[in-house]
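My structure is below; once you've seen it, I'll send some questions.
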Amino acid sequence: MATQHARSAARLMLAPAVILLLGWMLVPLTMTLVFSFKQYLPLRGGDLGWVGFENYVRFVTSSAFWPSIWATLIIVGGVLVITIAFGIALALLLDQPMWGQGIVRILVIAPFFVMPTVSALVWKNMFMDPVNGLFAHLWQFFGAEPIQWLSQASLPSIVLIVSWQWLPFATLILLTAIQSLDSEQIEAAEMDGAPWRSRFIHIILPHLSRAITIVLLIQTIFLLGIFAEIFVTTQGSFGTRTLTYLIYQRVLESQNVGLGSAGGIYAVILANIIAIFLMRIVGKNLDA
Amino acid sequence: MARAVTTQRKALNTLAAWTVGLLIFFPILWTILTSFKTEAAAIADPPVFLFFDWTTENYSAVMQRSDYAQFLWNSIVIAGGSTVLGLIVAIPAAWSMAFVPSKRTKDILLWMLSTKMLPAVGVLYPIYLLFIRLGLLDTKIGLTLVLMLINLPIIVWMLYTYFREIPGEILEAARMDGASLRDEILYVLTPMAVPGIASTLLLNFILAWNEAFWTLNLTAAKAAPLTAFIASYSSPEGLFYAKLSAASTMAIAPILIMGWFSQKQLVRGLTFGAVK
Amino acid sequence: MGRITLDKVTKSFGEVNVIPPLDLTINDGEFVVFVGPSGCGKSTLLRLIAGLEDVTSGQIRIDGEDATRMPPAQRRLAMVFQSYALYPHMSVRKNIAFPMKMAGLPEDEQKRRIDSAAKALNLTDYLDRRPGQLSGGQRQRVAIGRAIVREPSAFLFDEPLSNLDAALRVGMRLEIMELHKRLATTMIYVTHDQVEAMTMADKIVVLRAGNIEQVGSPLELYREPRNEFVAGFIGSPKMNIFGGNPAQQHGAAKIGVRPEHIAASTETGTWEGVVGVAEHLGSDTFLHVHETGLAETVTVRVDGELPVKHGDRIFLTPEADKIHRFNEQGLRA
C-alpha cells in the first residue's frame, strides 16, 4: 500500500525516533571509545593522554574480569532458566479452572511493580539477614544453622531476588499464550489417547515457543543491566561483581574512566554478541 | 474450557494456586505488615504475623527523616514525563512502521530494541559529562529525557504491535474522507488504539518509576525520585526493619494502587503487546 | 461532474507489473463495473483512481484536471470498502459526519445532510449506535451514507457486497442502483460477481492480468464477446467452448455456445450425449451432459419440465445464429 506521499510522510515521522536513538547510542558511545584509549583519571590529573590499548589489556588481564563475566552469565542464565521453568508451571496452574483466579493473578504479578531497590533491600534485610531475617527464623525452627545468604550463597541469593521480580512477567506472557491455545486441539489430542506428558511436549510446548522467545528477549535486555539489586545488597562482593558492576566500580569508585571505558566497550561487544544471537531467533519468531 | 470439571478438582487447583500466589506475594505483604510494627516487634523472635500493636509511628519517622513528598513528586514528574514524551515520539514512528512498512521496517525495529541492550554503565561517564556540560545533572528534565530514551524502543515496539491489528483500510477511508495525516492520527488511529496506548503508557510508567541505574547515578538531592529515597536506607538504617518497611511501602504503594485500578490494561501491557 | 480518464496508466509493485499500459474513459454519470478473476488488478486500479496508490507511469484526469499527483482527499471521490472501514469508535452519526467535519462544513449543513442520508438509507433509528452494534447490511449502508454526504464527483466501490449473505446482497444491489438513478453521479464498482456486473452496469470493463479485455454495455459483452476469455467470463452458467471437428465445421479454431442457446431433445439433434447431473432451479433446469465428444461437459439450459434423469441419452442442437467463432488466438472471428 501507500503512495509516495505516504512514504515520505512515514520517513519524516519515523525520523525523530530514529535520530534520537541514534544520537543516544552514538554520541556517548563515541566518547566512551575515545576515553578507552586514554589515561583518564578525573580526580588525579584528568586527561593524561593517549595510551593505546593499554586499558583494554589491563581490563581483561585484571583478576576481576573473568569472574565478572561468569557472574553476569550465571545471573542472567539462572534467572532465565528459573523464570521460564517456573513460569510455565505457574501458567499451567493458573490456566486451570479455580475460584478467585483474578485475585491470584494479581498476587502473582505484584512483584513486578516493586522497584528493584525496594525488593533488594527487603530481601536482604528482612529475609536473608542471618540473625533477624525470616529465613534465619525458618532455619532455626527446623533446627538448622542459619545461612549467611548474601556471603555464603551470594550468587544464588541474587538470582533468587531477581527471579522473584521477573517471574510475574514470564508467567503472564506464558499464561496469555496458553490461554490462546485452542482447547479443541488439546481435547483432540486427549481423544487420541495422548498421555499428559506427550501432550505437553508435542502440543503445549511448541505453541509456547513464541512466548518463550519473547520472554528470553525482553528479560535478557533487562537482566544484562541489573544494577540496583547488587548495589544495595553486596556492592559487588562475594563473587557478585557482574561486568556492569565491575565497570561501574572502575569508573565511579576508582575514578579510572579510561579503564572503565575499555570495560564498557567490552560490555558493548558482549551485549552485541548476545543481541545478534537473540535477534536471529526473535527475528524469525516475531512474524509468526 | 468446555469440559465440566469436578468440584473436587477445582478445589484442589484453587488451593494450589492460592498457596503459590500467596507465597509469591508474601514479601510484599510482610513488608506492609512490618511497616505497622514497632521496631521491637519487627525483629521479635519468633516473628509475629498479625497479632502485634499496630502503629503508624514508622511512617511519621520516615516523613521526618526525609521529604517524601518531594521524592514522590519527582518520581511522578519523571516517570510521567518520560512516558508521555516517549508516546509523542513513538506514535508517529509506530504509525510509519505499521502502515507504511518497507523492507527495512523490521530491521529498524530490531535495531531500536538492540539499543536497549547497550550497557548503560558503558556510557555512564560520557552521559555524566554531557549532563554537567548541559547543566542537566540532578534535574528532572535531564532524567526525564534519559528515561524517555531508554524506554522509547519498548514504547515503539508495543505501539507497533497494537497498531498492526488496526485494519489499514480504516485509515485509508479517513484519507479518502479528506483527513490530513494529522487528523488521521489524531481522530482515527489514536482513539482506535486507546486500549493499546493505555497499556503502553502504564507499563512504561512503571518501568520508568522503577528504573534504578540512571535515577541513582544522575541525581543528588533536587531531582531524586523514590528509587533514591529508598536507596538511602541501604546501609545502617536498613537494620531498622519497621522504618525500612514503611519507606518501602511508601515507595511502592503508588504503583501497587495504580496497578490495582488498571489491572486489565496492565496485564495486556505487561505482555509488551507481544502475545495475544 | 465526474469524468475520469486514465491515460497509459501502469502500476508495478517492485518488479511485478500489475497494470500494463491501460487507457480508459469513464463518462460523467456512468455506472462502470470492473470485473475479472481474483488477482487481476481490479482493486489496484480502483486504488489508483482513488489516489491510495501512486501510478508508476501515465496520467489520471478527473474532469479534465490532472489528478495524477493529487492526494486522495483532493480528488473529490468517495470510496466504499469491502470491509466497510467504519470508524469503530464513533457513532453512526459521527461516522457519516466525519468527511464533512474534515471539510469544515457548518454544523447545520452537516445535520441536514446526515438526516437526509439517514432517511434515504433507513438509518434514522441507528444514528446513535456504534458500528459494532449493527448488522452487515446496516454497516454497508453507513459506509454508503458516509460516501454520499460528501457529494463526491464519483463513487468508488470495492466489492461492497461480498461480505453480505445472498438475500441481503440482492437487496443492497437494488439500493445502490436506485441511488445511482437518483444522484446520477459516476460510480465505479468492482466485483467478481458477474451477475452484479450484468445487472448494475452501464458499462462493464473486463480485466485480465491488468489488461482490459473488453469494454462495453452488458448486452454488447453478452452478444459479442471480443475473445474467448470474455465469452467465458460473462454469462452464467459459462459459455460452452469446443475446439476440434465441430469448430472446423463452422470454419473456426474454436466455437462457443451459451447453455441457453442449445436446444435439448430426447429424440433428435446435432449432438448426442448422456445426462450427468441435472440442476433444477425451478424456473430452469441446467443439464450437465457428458460423452458428447465435444468437451468434458456441455451445459445446457432446458425447460424446468423436461423429463430426463441421470444416465439418459439426450440430443442437443445449437441455435445456428448464436454460435460464437474464435480464431487460433482466441479472438472473435
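Order as written gives the chain letters A, B and C; numbering starts at 1 within each chain.
By our rule, contacts are C-beta pairs under 8 Å (C-beta built on N, C-alpha and C of every residue); 3 or more make two chains touch, one makes a residue touch a chain.
The structure displayed is predicted, hence computed values, not measured ones.
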| item | value |
| --- | --- |
| Touching subunit A and also subunit B, the following chains | C |
| Most central chain, Cα average position | B |
| Chain at maximum distance from subunit C, centres defined as averaged CA atoms | A |
| Comparison of B-C and A-C (more C-beta pairs in contact) | B-C |
| Geometric centre distance via CA averages, subunit B-subunit A, whole Å | 16 |
| Distance from the mean Cα position of subunit C to that of subunit A, given in whole angstrom | 58 |
| Averaged-CA centre spacing for the pair subunit C and subunit B, given as whole angstrom | 54 |
| Contacts with 2+ other chains: residues of subunit C | 52, 71 |
| Sequence positions of subunit A contacting 2 or more other chains | 1-2 |
| Two or more partner chains touched - positions in subunit B | 172 |
| Contacting residues of subunit C [partner subunit A, same complex] | 51-54, 71 |
| Residue numbers on subunit A that touch subunit C, as the complex places them | 1-5 |
| Complex contact set, residues of subunit B against subunit A | 1-3, 5, 9-10, 13-14, 16-18, 20-22, 24-25, 27-28, 30-31, 34, 43, 45-47, 89-90, 92-93, 95-97, 99-100, 102, 106, 108, 110, 112-127, 129-130, 149, 152-153, 156, 168, 172, 181, 206, 209-210, 212-213, 216-217, 226-227, 230-231, 233-234, 238-239, 241, 244-245, 248, 251-252, 255-256, 259-260, 263, 266-267, 270-272, 274-276 |
| Subunit C to subunit B touching residues, read off their complex | 50, 52, 71-73, 77-79, 81-83, 85-89, 98-99, 102-103, 146, 150 |
| Complex contacts: residues of subunit B adjacent to subunit C | 167, 169-170, 172-180, 183, 187-188, 191-192, 194 |
